[in-house]
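So that you can tell them apart, the chains are marked A, B, C, D, E and F in the order they are listed, and the count of residues begins at 1 in each.
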Amino acid sequence: MSETSLVAQGLELMIFGMGVVFVFLTMLVFVTGFMSKLVNKFAPEPQPVPAPARAAAPQGVDPQLLKVLSAAVKEHRARQK
Amino acid sequence: MSETSLVAQGLELMIFGMGVVFVFLTMLVFVTGFMSKLVNKFAPEPQPVPAPARAAAPQGVDPQLLKVLSAAVKEHRARQK
Amino acid sequence: MSETSLVAQGLELMIFGMGVVFVFLTMLVFVTGFMSKLVNKFAPEPQPVPAPARAAAPQGVDPQLLKVLSAAVKEHRARQK
Amino acid sequence: MHSLINLWHDSGLYQMEVGQLAMIIVGCLLLFLAIHPKFQFEPLLLLPIAVGTIFVNIPGAGFYAAPVIDAHGHVESPAGLLYYIYHAGIETGLFPLLIFMGVGAMTDFGPLLANPKTLLLGAAAQFGIFGTLFGAAALTDAGIMDFTMQQAAAIGIIGGADGPTSIFIASKLAPELLGAIAVAAYSYMALVPMIQPPIMKALTTKEERKIQMSQLREVSKAEKIIFPISLLVLVALLLPSAAPLLGMFCFGNLMKESGVVDRLSDTAQNALINVVTIFLGLGVGSKMSADKFLNADTLFILVLGMLAFCVGTAAGVLMAKAMNKMSKTPINPLIGSAGVSAVPMAARVSNKVGLDANPQNFLLMHAMGPNVAGVIGSAVAAGVMISFFG
Amino acid sequence: MHSLINLWHDSGLYQMEVGQLAMIIVGCLLLFLAIHPKFQFEPLLLLPIAVGTIFVNIPGAGFYAAPVIDAHGHVESPAGLLYYIYHAGIETGLFPLLIFMGVGAMTDFGPLLANPKTLLLGAAAQFGIFGTLFGAAALTDAGIMDFTMQQAAAIGIIGGADGPTSIFIASKLAPELLGAIAVAAYSYMALVPMIQPPIMKALTTKEERKIQMSQLREVSKAEKIIFPISLLVLVALLLPSAAPLLGMFCFGNLMKESGVVDRLSDTAQNALINVVTIFLGLGVGSKMSADKFLNADTLFILVLGMLAFCVGTAAGVLMAKAMNKMSKTPINPLIGSAGVSAVPMAARVSNKVGLDANPQNFLLMHAMGPNVAGVIGSAVAAGVMISFFG
Amino acid sequence: MHSLINLWHDSGLYQMEVGQLAMIIVGCLLLFLAIHPKFQFEPLLLLPIAVGTIFVNIPGAGFYAAPVIDAHGHVESPAGLLYYIYHAGIETGLFPLLIFMGVGAMTDFGPLLANPKTLLLGAAAQFGIFGTLFGAAALTDAGIMDFTMQQAAAIGIIGGADGPTSIFIASKLAPELLGAIAVAAYSYMALVPMIQPPIMKALTTKEERKIQMSQLREVSKAEKIIFPISLLVLVALLLPSAAPLLGMFCFGNLMKESGVVDRLSDTAQNALINVVTIFLGLGVGSKMSADKFLNADTLFILVLGMLAFCVGTAAGVLMAKAMNKMSKTPINPLIGSAGVSAVPMAARVSNKVGLDANPQNFLLMHAMGPNVAGVIGSAVAAGVMISFFG
């Protein structure tokens, strides 16, 4: 490596590096596509899981409180009649 | 240790180990019982602490909840009119 | 240092230490005052930021919310009558 | 081009040995067991172990490379990630001890304090450890297996059904078996609902399984605070070699029960134990190299580990049967199986088998006593081993 | 008095060299850029870096003092805080790897999986890295600058627009430039909303900017779980030198997507990454000493780093233009610029420039694909460099 | 049997020396003081210290065993838990510095900025430190005690009423006294409500105690952000030896006040400080061995430490009296006692004694200024000592 000029080395690393990046990511495109096809063929999702409870209450809204709240709402409606 | 066969050593460690385990835990049974008696004699608990507030609201008031709450209040007021 | 007695060293460190502490904190008084003047001259705060939400609910279920909640419940009951 | 050839020589495809490939597949299999909804075997540990397994078997990635230090003490090239993790946290024993502290801070000794006799069930179930140890020694003498006494002890500890204890002992007595032992321990802990019930049913009559136990008394806060201190002092007096494990366990529990350092207890139960769990798993995975895992020893470890679970379960149940016969108050023998630890899975299994026999029979809280006693019991067994070999 | 003279000789006023004073002012300037509402340049990293810069330039404070060990191995005087942080976390590569794990646990590969072709945009944008590297090498050959090949590579990686990758590579290839490189990387990431739009507009027609893309399909949970494993295996087979960075990234993402270790994923995304971020910033700051920062190299690094961002942006946009011409489904060239990474800032820039051209054109989710592809791309580029120089 | 004899020889009962037993009892006593509702002396530190005390005095448990390394650098047997904790976190000074960062992130300099003159109260109260230091030196010269100058300084710092500062200085100047100094510091901080009021009342007239102070002005966000930077720069210029402590304090405060790195500030105030507190306490406990604690020095330390608190309190009150006489705006002398630090306990004591004299007199916010000034003051004093002995 000591012989070649820096610019030659830079050129080599540039071509070589971009080549590897493209080859790797192109292979990843195919692997991903293949994987997705396999998954959707053999393990199709029964239905898009809504998981609203988890999404809506990521941390700290505890069920206890929700219970209290819905009880309050119910009571409220009952009295409203 | 190099003289005795592995099976003899294994037997020794087995008997010895189970012995220690039983002795230790048996002593712990007595120590625990004795401790409990002492505690209940000299420092009987006045009443089982209920501590409901803390259990009900573990962490964070989340915005979601506030939204739900204010929506409920609005609805309430609307119906009240 | 090996020559002087401990009491002399102690005296020196005492006078010297208290001196430095006072000089440092006195300078800090001036620096702070100067800084505050500069800030209030060149970057006066438009208005004292209330930021009540953040201050009120640092961690845990904040009392503010509980107040709001119980107030709502009271109001609700009062109107119900 | 020259660099292209270098890259090819650096690539996994060129360097990969068949053993490494096999271990990467093993890693993927462990991931499957950790993640798939049908299994979900102790994913908190098994997932990081699986990833560590894959990492350490990637040829040329240097995850377990040793550091290169020049003559002046300067680092020429740093070590790999798993090298640092293993040597800083597992070789030193720090990670298992911190896990024990966190587990202590999550443990409620209430049911045990309400019925301290159940400590004996936790003692009996440790026969799984020592019986297996003896078995491994005997089979080695018979020429069937080839273990040292230390290795036999490290394999036996799988029967303690307690992950951190297994890792702590294996890293001291037989680090070369650490990977297989940890995987066996966590897998069988996850398999408790399948391993235990047949044994429990075979050793008990239907009548015994129907036995209802009298409700546990309330335990006061003071008792809960003094218990870990008493246990710590008892360990100090009788079995100091068990003091690191049980000491950290008691420390964690004391932080929780004292109620005066809630923020520390919280951190011990959450941020700290989670960080340590990630690193512990990766570090265990670092021992899952092909030469250490792909051999007959691993197979024997899996067989002996399973045996240890079965023997421990049986010993616990038989002890509970005996205690039921001698005790005035009724004791359902099904709670004996919970003495192996595997908290809280084993206690739930006791409860479930009890409910099968008698839909009114709620054994969960009764089984929690022997369950946490099993943790103490296997830590005591670990102390015996450290003292024996130390 | 004697001690008064000592104190004066110990004071900063007496000892301070002009370079140190200048660097403290640089530190204050970085603080200003991190904190002032008009800038707020990546404050999570820039604030600790700025404080570390001030710390390390206080004469006599010993923040980067080496430890003094006597002949028996006892510590006579301990090292400084930043010395420990740098050597434990940055020299070893641990901190960038842990950050990568946390970032993985925060990343959603959904948009990428819905449109895997966008991976190619993440590839193209890495031309910023290699073009700049070539430029630095050429300018050195021309006698304008004076960098080694390793330094050129470390500077080029700024174009990856990914902070931890830059720090990881710079600490390996050119630790003497680490401070300037990290500051440039984080500053330009913060400046993406100003750097990219002119380039994006110059390289696209108004018609192209108006192109609406078809809605992304739903991606199943199974795909999201299998993707990081596939990526990890691919890295293992093809480019092991990229395995530390991408492996930890995949590990973090797998913790998140598997859904079975939520508490670990949570900790990786919060407590752990926060602690590491504090230390990483301080550690980077420890390399901001006057002799390393106040020289022409820093100026060149800032210029070349900016160039790298511009070239990467342009390459991404041009690649997207080409793909739009070849693809059946329309591809808005504006999403190409997101391939540089700078997640999620660059994707937001694509969205904003798209909205300027067509108020109905929501590109955000489409740009998230190339955006995370850019992270993978620059980690691959980093792997190439490690393999090249290793 | 042989192994039974070994076990007996390994047991605590066989090995325990009377000093170790006494120290275990001391540990239990500290637990009592930390946990019992009547005391609850700074439990966050005292509980881990107490547990560490018990740990290190268990004979044969090896909590403070040194590692055994063979000739090739391989670990033959790892060190004990407390050995690692002490050498990694206390000997290096890392733990006190991280605590200081966390405390900085919890501190509000608002009251101090509204009335910067109160910084002088924080200065005056440091006379507790230097007066005690002088006392210890004089009593040693008189042959009553036997301390070196370094030890005298480390004892004096107890009067700073600031735990981490005490530990930081003691670990540098007199590690052999660390245990006793830390226990004294934290215990007396907890006893502030009993130590201070008599002194405060003795030195003030009822009229003085009734003085109401004018309401503090609002302090802007910009001032709060610039203050820690100013303080850091002033330290850099004048007293670099105080820069580690005050630098980390300012860093923490800047993270909080800047408002741009809330997640880092959060972690510094919670997960990180909690983890470090656990380890700091255990590490301090590791110095509580019988030979270091059960001697006359400890007694003298307890006496001198108490004296330091009293002298500091008195100096603060007298300074406040003097300032009240010279100042145009009224200053209640009771806020002077808060200058010792012990945040926020000492400020609450000022408030309470004020309320006793005049139920309309709310001094809490006024006392918070000198209270945080006391932290700065004792860190400055620490810097003086490091410079003097360094």
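One rule holds in what follows: contacts are C-beta pairs under 8 Å (C-beta built on N, C-alpha and C of every residue); 3 or more make two chains touch, one makes a residue touch a chain.
Not measured: the values here are computed from a predicted model.
Mostly differing positions are employed by chain E and chain F in their mutual contact, as under half of the interface residue numbers are shared between these two copies.
With chains reduced to the mean position of their C-alpha atoms, the one farthest from chain D is C.
When the C-beta contacts at D-E and at C-E are tallied, the pair with the greater total is D-E. The chain with its Cα centre farthest from the Cα centre of chain A is F. Of the chain pairs listed in C-E, A-E or A-D, the one whose interface repeats that of B-D (more than half of its contact pairs identical by residue number) is A-E. Chain centres here are Cα means. That of chain A falls 42 Å from that of chain C. One inter-chain figure worth recording: chain C and chain F are separated by 19 Å, centre to centre, where each centre is the mean of the chain's CA atoms.
Averaged C-alpha coordinates put the centre of chain D at 39 Å from the centre of chain F. Each chain gets one centre point, the mean of its Cα atoms, and the points for chain A and chain F are 47 Å apart. Residue numbers of chain F whose C-beta contacts span two or more other chains: 3, 7, 238-239, 271, 384, 388.
Residue positions of chain B with contacts to 2 or more other chains are 13, 16, 20, 56-57, 59-61, 69, 76. Contacts from chain D toward chain B in the complex involve residues 112-113, 116-117, 119-120, 122-123, 126-127, 129-131, 133-138, 140-141, 149, 152-153, 218-223, 226-227, 230-231, 234, 238-239, 373, 376-377, 380-381, 384-385, 388. Contact residues of chain B toward chain D in the complex are 1, 5-7, 9-11, 13-14, 16-18, 20-22, 24-29, 31-33, 35-36, 39-40, 43-45, 48-49.
Of all residues in chain F, those touching chain E in their complex are 87, 91-94, 97, 225, 229, 232-233, 235-241, 243-244, 247-248, 251, 254-255, 258, 260-261, 263-264, 266-268, 271-272, 384, 387-388, 390. Here chain F touches chain B in the complex through residues 1, 3-4, 7, going by the rule given at the top. Residue ranges on chain C touching chain E, taken from their complex, read 12-13, 16, 20.
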